[in-house]
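Here chain A shows up in two complexes: once beside chain B, once beside chain C.
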Partner chain A sequence: MRRVVSTAVLFAATFGVAFAGLRAGAGSLPAAAQQKPDATEVKIDNFSFGPAELKVPVGTTVTWTNHDDIPHTAVSTDKTFKSKVLDTDEKFSFTFSKPGTYEYFCSIHPKMTGRVVVQ
Partner chain B sequence: MSVNPFDLKTVVLAKHAQHVVLIHFPIALFMVAVAFDFLAQWAKNRSLAAAAYFNLLLAAGFTVPVVATGLAAWQWALEGQKLKGILLMHLVLGCISAVVIWVVFLIHLRARRHPGNSLPTYRLSLEAVAVLLVGVTAHLGGFLSGVNGPG
Partner chain C sequence: MAAKSKDELLHDHNHDGVDRRGFLKCMAWAGTGAFCIMQGGVLKSYSMSQMAQMATKVGAGDLSFVQISDSHMGFNKAANPDVIGTLKTAVDKVNSLSTPAEFMLHTGDISHLSKPEEFDTVDQILRGATPKDIFYVPGEHDMLNDDGKQYLERYGKNTKGAGWYSFDKKGVHFIGLVNVLNLKAGGLGTLGHEQLEWMEDDVKHLKSSTPIVVFAHIPLWSVYPEWGWGTEDSAQALAYLKKFGSVTVLNGHIHQTMQKVEGNVTFHTAASTAFPQPEPGKAPSPGPMKVPAEQLKSVLGITDVNYVHGQHALAVVDSSLA
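Showing the complex of A and B:
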């Protein structure tokens, strides 16, 4: 009986160490491998563009999705792109074919601003 | 592209800032006018009735620039694109509210021009409906403007 108990304790300890090692191993993965690259998506939520600044290579298509209950737009200050009014869950996409910095805002709520840096 | 609503340049040049500023005047004037009119009816007080009339006069007057700036905002900020959802509801209810405010004002004006005519009692029902309309329109406008949003 004593042997059975000690075997069980040893097994549990081994399992615990292995599990802890797995977690530690996961934590040591490179940051790039952990973060899902989702750089072409801009979420409109709570009256803000997220991320506020996006860096993308030339030729990238950026998609804005309105997750707010309020309609929004995405309009570049130099009129390079201009979405229609986006209701909840509606999307707008634009492909950036030239490098540069594109400042944009919501024409209904001009306090909402963002930037796409095309490299 | 930061916009400060208390900056004069912003107020004058921002494409829909004027509507957001002006809209508060007819709302307040009309609500107060209706309150005075109900009180005047209840208390049989001519001073309150006169106060109601002049508030209504100003409220009706203010609807003109408010509707104009609202339509201008639609044309400038959204380039006149086809509206839907909350924006469309706000536009339609706003126009109806403006018309009803004018109807209420004209009822008062008519009674005032012909001292023999007393104000019809049905105006109170119309005023109550108008207050509701204005309230819903204002609520939608506040929702759209993001006054509850961050910053």
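Showing the complex of A and C:
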């Protein structure tokens, strides 16, 4: 089984671009800041969040998609974010603007837990 | 394991234990269309082929009622694209019981997504049932999005708190509990302090000879905590029931029949009328289980409960929709 490592490479590349943009930034907004921030996926499959722990840079939009035949939610334990009930194939997105560790769970099936680490 | 074919097992209340081998056999059968009956302190298991014989044995008692569960109205995936049809079949089954049921219990997950039209459809179908009184407790699917506000408006008349209540029928005390709200990350079903206090007070003045029936959605015993099939604080609730000689606990949620006896307490889960779920740990997740279409009705069902005054325990009989 081979793991795909391109996500990490992609992050590094985006960081580099953002950094370059900031350094260029006197006067008008740098072009990089106007680009859409990173989007990252969490899949809900077989009553679990995948990946269970996700590390993302500040400003990342994380999207949860429910692939199960049963509805689920993604709710952070500190109430920072709370999805509506996601039926099959429905999505929920949240943009993390502050660094921190966000623990979350499915409020319908609380055995399902996950974590987003924003750096 | 070559088990001896002895089709009943004895539960000796004097020694507070169960014949383990026989009990495991009963448990094993429960998932494959057999059922177990508690009568006069004796737990017996019967295969489906002996059903006709049982119908006459159980016979007319002093009180007969039916439990249905997990109708999941609105569900339309491969495991059952016609939950309306199977609920109607369940109603037909209830109406054709040899001993008419006086009332029904619905142990939750009435709807799949808490949508008003889902509740409306179930109400309409259940109006076709001979027993006119239906007592509900909510499943987690009935309290999505609004912490149970809609559920309470529809079914919560004469209930306390989040929808718990008790009532008496022919000397049997029924307690309906809510264990699907305020679930904590990583946890199981929860009753909560307020409900437990109410329950302690509710049973305090009852005679120990009063038969007790407790019904709630998520099992009040630890069926399989890895899948959330249990209730965090159920031990406290059961502690309040220690003095009673006959306690029957009826649950749903796990979409399969299962039974366990602990001292004077019989725990039982009912089948769903919508779709089956896998046996604990036998699949990657507890999600809906697809079986060949022609087998679906054999893994859905209703539960018929009979109480005969003076007998120690209630007879609990599962029958499939096939």
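Here is the rule we go by: the second predicted complex is superposed on the first by the 80 of 119 C-alpha atoms of A that agree within 3 Å, B and C clash if a C-alpha of one lies under 4 Å from a C-alpha of the other, contacts with A are read in each partner's own complex, and residues count from 1 in each chain.
Rule of thumb we're sticking to: a residue touches a chain if its C-beta (ideal position, glycine included) is under 8 Å from a C-beta of that chain, and two chains touch if they have at least 3 such contacts.
Since we're looking at a predicted model, the values are computed, not measured.
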Touching A:E103 in the superposition: chain B (first), chain C (second), both, neither?
both
A:S48 contacts which: chain B (first), chain C (second), both, neither?
both
On the A-aligned overlay, A:K84 touches which partner chain: chain B = first, chain C = second, or both, or neither?
both
Footprint overlap on chain A, comparing chain B with chain C:
46-48, 70-71, 77, 84-85, 87, 103, 105, 107-111, 113
Which bits of chain A are touching chain C when the two form their complex?
46-48, 68-71, 77, 84-85, 87-88, 103-105, 107-111, 113
In their shared complex, chain B is touched by residues of chain A numbered 46-48, 70-71, 73, 77, 82, 84-85, 87, 103, 105, 107-111, 113
Chain A-facing residues of chain C, complex:
75, 77-79, 112-114, 140-141, 144-145, 183-188, 226-228, 284-288
Can you list the chain B residues touching chain A in their complex?
1-3, 14-16, 77-79, 81, 83-87, 143-146, 149-151
